[in-house]
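In the two assemblies presented below, chain A is common to both, partnered first by chain B and then by chain C.
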Partner chain A sequence: MTADTTATPATGPRTLARQRRRASVARFWRQYRTHRAGLFGLAALVLCALAALTAPLTVGSHVQSVTDAPGAPLESPSGRFWLGTDQFGRSLLGLVVWGSRVSLLVGLLAAVLSVAIGALIGITAGHFGGWYATVMMRITDWFLVMPTLVLAIALATVMSRSLGTTVLAIGVTTWPTTARLVRAQTLAVESRPYIERAKALGGGHGHVMTRHVLPNVMPLVLAQTTLIISTAILAEATLAFLGLGDPTVVSWGGLLQDAREAGAVSSGDWWYLVPPGIAIAVVALAFTLCGRAVESVLNPRLGVPR
Partner chain B sequence: MKTHDQHGRGRSRRPGRSRLLAAVGATALVLSAGLTTPPASAAPRAATVADARAAQGTAGAQDSAGSKGSKGSKVLTVAVAQSVDSLSPFLAVRLLSTSIHRLMYEYLTNYDPKDGHVIPGLATSWQSSPDKLTWTYTIRNNSRWSDGQQATAEDAAWTFRKMMTDQGAATANGSFVANFSEVSAPSPTRLVIRLKKPQATMTALDVPIVPKHVWEKVGDFSKFNNDKSFPIVGNGPFVLTAYKPDSYVRLRANTSFWRGAPKFDELVFRYYKDQDAAVAALRKGEVSFVAGSPSLTPAQAASLKGQKNIHVNDAPGRRFYALATNPGARARNGKKFGDGDPSLLDQRVRHALFMAVDRRTVVGKVFQGHAVEGQGYVPPRFATYFWKPSAGQELRYDPAGAARLLDEAGYRRNADGKRVGKDGKPLNYRLLCHATDPNDKAVGKYLQEWWGKLGIGVTVDCLDNVTDPWLAGKYDLAFDGWSVNPDPDFVLSIHTCGALPATPKDTGATDDFICDRTYDQLYARQLAEYDPAARAKVVKQMESRLYDLGYMNVMAYPNAVEAYRTDRIRSITTMPSAAGNIYGQDGYWSWWSAVPANSGDSSGGGTPSGVIIGIVAGVVVLVGLAGFLALRRRATADDRE
Partner chain C sequence: MTAEATPALVEGAAGPGSTGRAAGRAPRAGASASYLRYVAGRLGGAAVSLLAVLVTSFFLFRLIPGDPVKFMTGGRPVSAQQIAVYRKEFGLDLPLWHQFTDYCGKALTGDLGTSYQFRAPVLDKITEALPNTLLLTVTAFVLYTALGIFLGTRSAWRNGGAGDRLHTGLALTLYSIPSFWLGLLLIIVLSVGVGPVPGLFPTGGMESGGTEGFAYVLDVAHHLVLPVLTLVAVEYGQTLLVTRSALLDEMGSDYLTTARAKGLRDDLVRRRHAVPNALLPTVTLIFVNLGRTVAGVILVETVFSWPGLGGLFYQALSVPDLPLVQGLFFVFAAAVILMNTLADLLYPLLDPRVGR
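Our next item is the complex of A and B:
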């Protein structure tokens, strides 16, 4: 690391920092490339993200309109409707593409919320210690032993049915593992001598936590986020499937719920069930693969990838 | 009969869980006290107690034998999607419970399965006095309770008197006796009812007659659920022998039923929360009949139609499916409550909303043809009372006309294309929908788009429990539906001012808080009219008035779509017999008349091939897993210490 910086001509400290960061990103990418599964997951994710972002151009918001649905109810796949139609005669391919927007959005937001809560509690608990940490960790334990789904169902039931509710329900139920991880890492970081040095030089709590601890736990948080996204997407689909999502929004879990209510399961209308199911599985898998790869790059102690 | 929709649409006024628990304790005490008291002296009485115990023993034995029943007994298993609210005929309002009461107890009169006209039940004949105020019923002498005692006029008189004097006993069917002044039984075969005012529903008293000698021991009628001692004493075609909440209800054929014994030995209503699971059970032969909730979905019906040994019954239903508009909830004491949108008090707005609803699309797309387009309040199946709006009166699908009406009413579009009220706020209605009903959600999607084009925002509020906001008047629009009886009195009565709750805190019989003077006058007139033709005319005027008011807009009359196995049931009576429903009839005809197919139990017997395949697959997976683990153990043997 130091060899890089001394080799370049001396410029301002900002440029130096920028160069250092660029170098570490490049190093990260070099290592990440060696994980074939991680690359595969990343490719799948990029495809999904592209499909979701370009959905307004490719399928358009009118795919979810029931009043001008183009097909007959529950048509099987054909040249016109590649994945068949749903009970209203809407194209399922269009709906699956359109539904990716909600599923990805909810997954991302819920994961960000969950990791934000987890990181905040983990860092503060690790930094302050004492009774504060004891109280926070007992709360974390309590959330940890509560079955996530039951808690999320309870939350989604009492609040009005909207996307925000789903995000909140998933976010506030999945943070404890992050909090535990981040606290452990915080304790490890804070025991290093340079933290003591910073404190001796007059660094306050805020300075230590944001300038020294946070950058050091960030890689962990990043890996955790990628992993939690897949959990969140699955949780969103589960809640929607149980009929606790917003019924007016098209999402993958919601499509599965619609299929069940339309009686597609017992009628053998597989094209209504399989595409959203596969989409959920693929995206969840892709995020998990990416998360694993990121984790093993950032944390050498995990050892060589098998 | 207040036949609520199968999925509890409208409200069920049943006691809360805590009250139920208390009731369980109380009734257990009462019953044990009753049982331990030695019978006074009468020898036959002692014999009946012994009888009852013996019967209980056999019921228990059958229980342990499982639903297949003992050898040779013919069991008819019905998959239902509704749970029982109460087995007490004084409390039960749900369709399943009231249907079961039809099977357990005889009513004074019954309806003919062919066309629904009134025929004798427990009463063989009846007549009214010239002043229309005294009704005399002749009670049949060949109906016995299942404990051996004779069913008499005194049982009927006691049942009615109990409902008149005990508020708790009037919970479910109190409206029938509200107008009674005196009920007496001068002889075991004569029942005399004196009325305060003439009442046209005297031959359609849908009240189960209960045995006085059993029920007079009951303490609190508002809490007793009739589910403590089995079999339950009754005189209907079936005797209830076992019941487990949210699981099953089991009934045994009453071989001494006066109209003749049912052909099946046992009838089981089994609860399936998931309709797809019920359909799968029908395919596999675990159940013989599936009653949908409220009907099979078009996809399920289509896929079952092609199946061998399965018959799909698709017939005009007795329900209407409507859009209710909050008319400003209020109580009888004049207090207003709730928060219905004030713009809905304008008749033009209500009409405009309904004119933007394309009923043909609702029937064609959501029900996929398994329904009839909505017209008046009473479904066309009840031809006597069916009414259709005239050409000038009809609120035809006309979005442009609807937009004009809204403009006239002063709700014009703003720059964003939204209709704005007098207070400058855009119109946005909450639409209350049953989260358990797929049709509500589907129609909600259409309404959102149709009204969206009109410039009106809609928030679809799908809840598991719609009762709370509904009773509190906290809705703008709501999906509503009722099953209609051959005598429409009940579904008409729920829109009178008298049905409003007494105070905002009370629960009234009202459906949608409608209170209209003209309608009430017509209601009183039809109730006092004994001439059927003249009464039908008044009822049609009421429907016309209701249509014009626009608070209750019928979108469709959904069909009854149900399916049964023809290798179990050879024949079964529909009602009306030409094309009608099987589950939830006005009467016991379907289950009483069902003839078992004599193909034996071959289809359900033996281990189905699916189970074998499943077991084999499971074993393969387990072996594979074990092998994988063994390999893995060997591969990492060096790493382990």
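Our next item is the complex of A and C:
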């Protein structure tokens, strides 16, 4: 985003740039603060991130051990096991907290991969134009109409069951929206006179794309990342639920699959199913709320209620 | 999430009004010729997309490290002779290129191979399950589209009000819920029964058997309630948000001011003037988002053991029964591409500004 030109007197180009950047971050935060839903989302995310990061201290990796589980199988919630136990007698609360690590990690990595692909294709298509852009946008449109999950399932089926596979399967199927958005923004940025100036001064393709277009596209890319993380977390849960995740790690989707296979549905053990699902929904919703708040700060015309 | 993904829209929608009026006055023959050109372009694009799906589905499932025969035998020790027989039976002994041309030729005549798991033609399994999936999907699609457009319109019209915040919040929440989880919870609460709540609906399947005529229809409808409810709940939010943002884009337009200045009631301004214009981009986005519905259908059918394509896909995945996965992959992708093409073709009929 363009910074105010009314910045304080400059001592050098670098300090000036830094001041402007700080000013625009502060302005962004002031506007973001007015979105109550966005603040809720941010708070929920901070809590989840803390829980995930401190999990080795609070619950420890032994929660996922099947052999020395502390409780009896399928205990309902009690003072000792707040959320009950699974079919191996493991504490569900511990598993949900521990599972957040995998779900958040996969969500973040997949979203970063997806947005990186989208930004790369969007910027190059917008910058170079011509037949390259035509071909790339054709491919993008094709991916856009393809049922994302079906493609991700197909990819996950043919590759070995691992976290890397899940990240890859989600990343390479969810990038098209980002590519379209970034291309549109790139076209808008490149029509401005200062790009012409940069080119006249001898700036090459790489210089224009990384030094001028990328910083202007970055806010949009960040908003998009936030939104895609929530999609990615849902997709990870779905793949794990279908039995396509890494069977050796505990994740929220995997817990739901375990619950279904343990017959929690037919025996009415709702307390086994509810916590992982709520965890998925809360995190996905939190990322969506943050993403929408960021989006509406950047583009107030969207009319997101505050 | 927002109204950014409008591929077919952006090219056609030039200045509002002016081009539309000009096209309206143009000789009938000229208009239909340009519509035919538009149709030809869209159909060509769809054909290329379908071919790309065919190629992808072939090579994707040949990427697998290891021998497909190993999947078929499920890791059991088999003699070399047996393996050779399998390889011959499924055409795996031919060179890759040969396999590919074979596959394309057969796919064009409707032969999608033989399922490893059921030892039956893939096409038969698919045609068997298709009507059940269509019943579920079409019912849910009609309901969630209607609900989404209705609530989205109201939300946008009272932008920022309590109703808008409630509906947007609810839509976003339901949108963030995994469909399979919601399905499982509904089964527990409404089918198995929790505490005082008795089991009201069947836990899964499509029919109880032993009924005929009207009783059969009622029985299927009874089985249909929960799957449809799940799908509608997780999918209507998207339609709501899309409709809402499309209508918000129209809200500031001059023609609405004119309509109000004429003395039209608020209700009429909304229904006759704003909504028809906002529906146009909404229609495209509803069809672009069909891919998400396909995902929802796969999961809901899996959870409710609905005997449709999605349930079949899950069965095929757990083996994995590659010809069946491949065939279903093609069917799902082709269905979405065809529906999108259909939407593209209908679009100029709805909006005279596009494609002329």
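Just so we're on the same page, the second predicted complex is superposed on the first by the 290 of 306 C-alpha atoms of A that agree within 3 Å, B and C clash if a C-alpha of one lies under 4 Å from a C-alpha of the other, contacts with A are read in each partner's own complex, and residues count from 1 in each chain.
Note that a residue touches a chain if its C-beta (ideal position, glycine included) is under 8 Å from a C-beta of that chain, and two chains touch if they have at least 3 such contacts.
Nothing here was measured: the structure is a model prediction, and the numbers come from that model.
Participant: Do chain B and chain C fit side by side on chain A in the superposed arrangement, or is it a clash?
Facilitator: By the criteria stated at the top, chain C and chain B clash after superposition.
Participant: Between chain B (first) and chain C (second), which does A:G263 come into contact with in this model arrangement: first, second, both, or neither?
Facilitator: Touch status of A:G263: first partner only.
Participant: With the two structures laid over each other on chain A, which partner does A:R180 touch: chain B (first), chain C (second), both, or neither?
Facilitator: After superposition on chain A, A:R180 lies in contact with chain C alone.
Participant: I'd like to know which partner A:P77 touches here: chain B for first, chain C for second, both or neither.
Facilitator: So A:P77 meets neither chain B nor chain C here.
Participant: Looking at the overlay, what does A:L234 touch: chain B (first), chain C (second), both, or neither?
Facilitator: second
Participant: Regarding the shared-chain residue A:T148, is it in contact with chain B (first), chain C (second), both, or neither?
Facilitator: It touches chain C, and chain B stays clear.
Participant: Touch test for A:S65: chain B only (first), chain C only (second), both, or neither?
Facilitator: Only chain B; A:S65 stays clear of chain C.
Participant: For A:F88, is the partner it touches chain B (first), chain C (second), both, or none of the two (neither)?
Facilitator: first
Participant: Touching A:G203 in the superposition: chain B (first), chain C (second), both, neither?
Facilitator: Neither partner.
Participant: One more residue to check, A:R161. First (chain B), second (chain C), both or neither?
Facilitator: Once the two structures are laid over each other on A, A:R161 reaches chain B alone.
Participant: After superposing on the shared chain, does chain C or chain B touch more chain A residues?
Facilitator: So, of the two partners, C touches more residues of chain A.
Participant: Both chain B and chain C touch chain A; at which residues?
Facilitator: 157, 160, 243, 260, 265-268
Participant: Residue numbers of chain B touching chain A in their complex, please.
Facilitator: For this pair, the touching residues of chain B are 274-276, 279-280, 283, 296-300, 302-303, 361, 365, 368, 435, 438, 441-442, 444-446, 448-450, 460-462, 464.
Participant: Along chain A, where are the residues that touch chain C in the complex?
Facilitator: Answer in residue numbers: 37, 141-142, 144-151, 153-155, 157-160, 177, 180-181, 184, 227, 230, 234, 237-238, 241-244, 253, 256, 259-260, 265-268, 270, 273-274, 276-277, 280-281, 284-285, 288-289, 291-292, 295, 301-303, 305-306.
Participant: What does chain A use to touch chain B in their complex?
Facilitator: Interface residues on the chain A side: 65-67, 69, 73-74, 87-89, 157, 160-161, 243, 247-248, 258, 260-269.
Participant: Mind listing the chain C positions that touch chain A in their complex?
Facilitator: Touching chain A from chain C are residues 1-2, 4-5, 7, 49, 52-53, 57, 60-61, 63-65, 156, 159-160, 164-165, 168-169, 172-173, 175-178, 180-182, 184-185, 187-189, 192-194, 203, 244-245, 248-249, 288, 290-292, 294-295, 298-299, 302, 313-314, 317-318, 320, 325, 329, 332-333, 336-337, 340.
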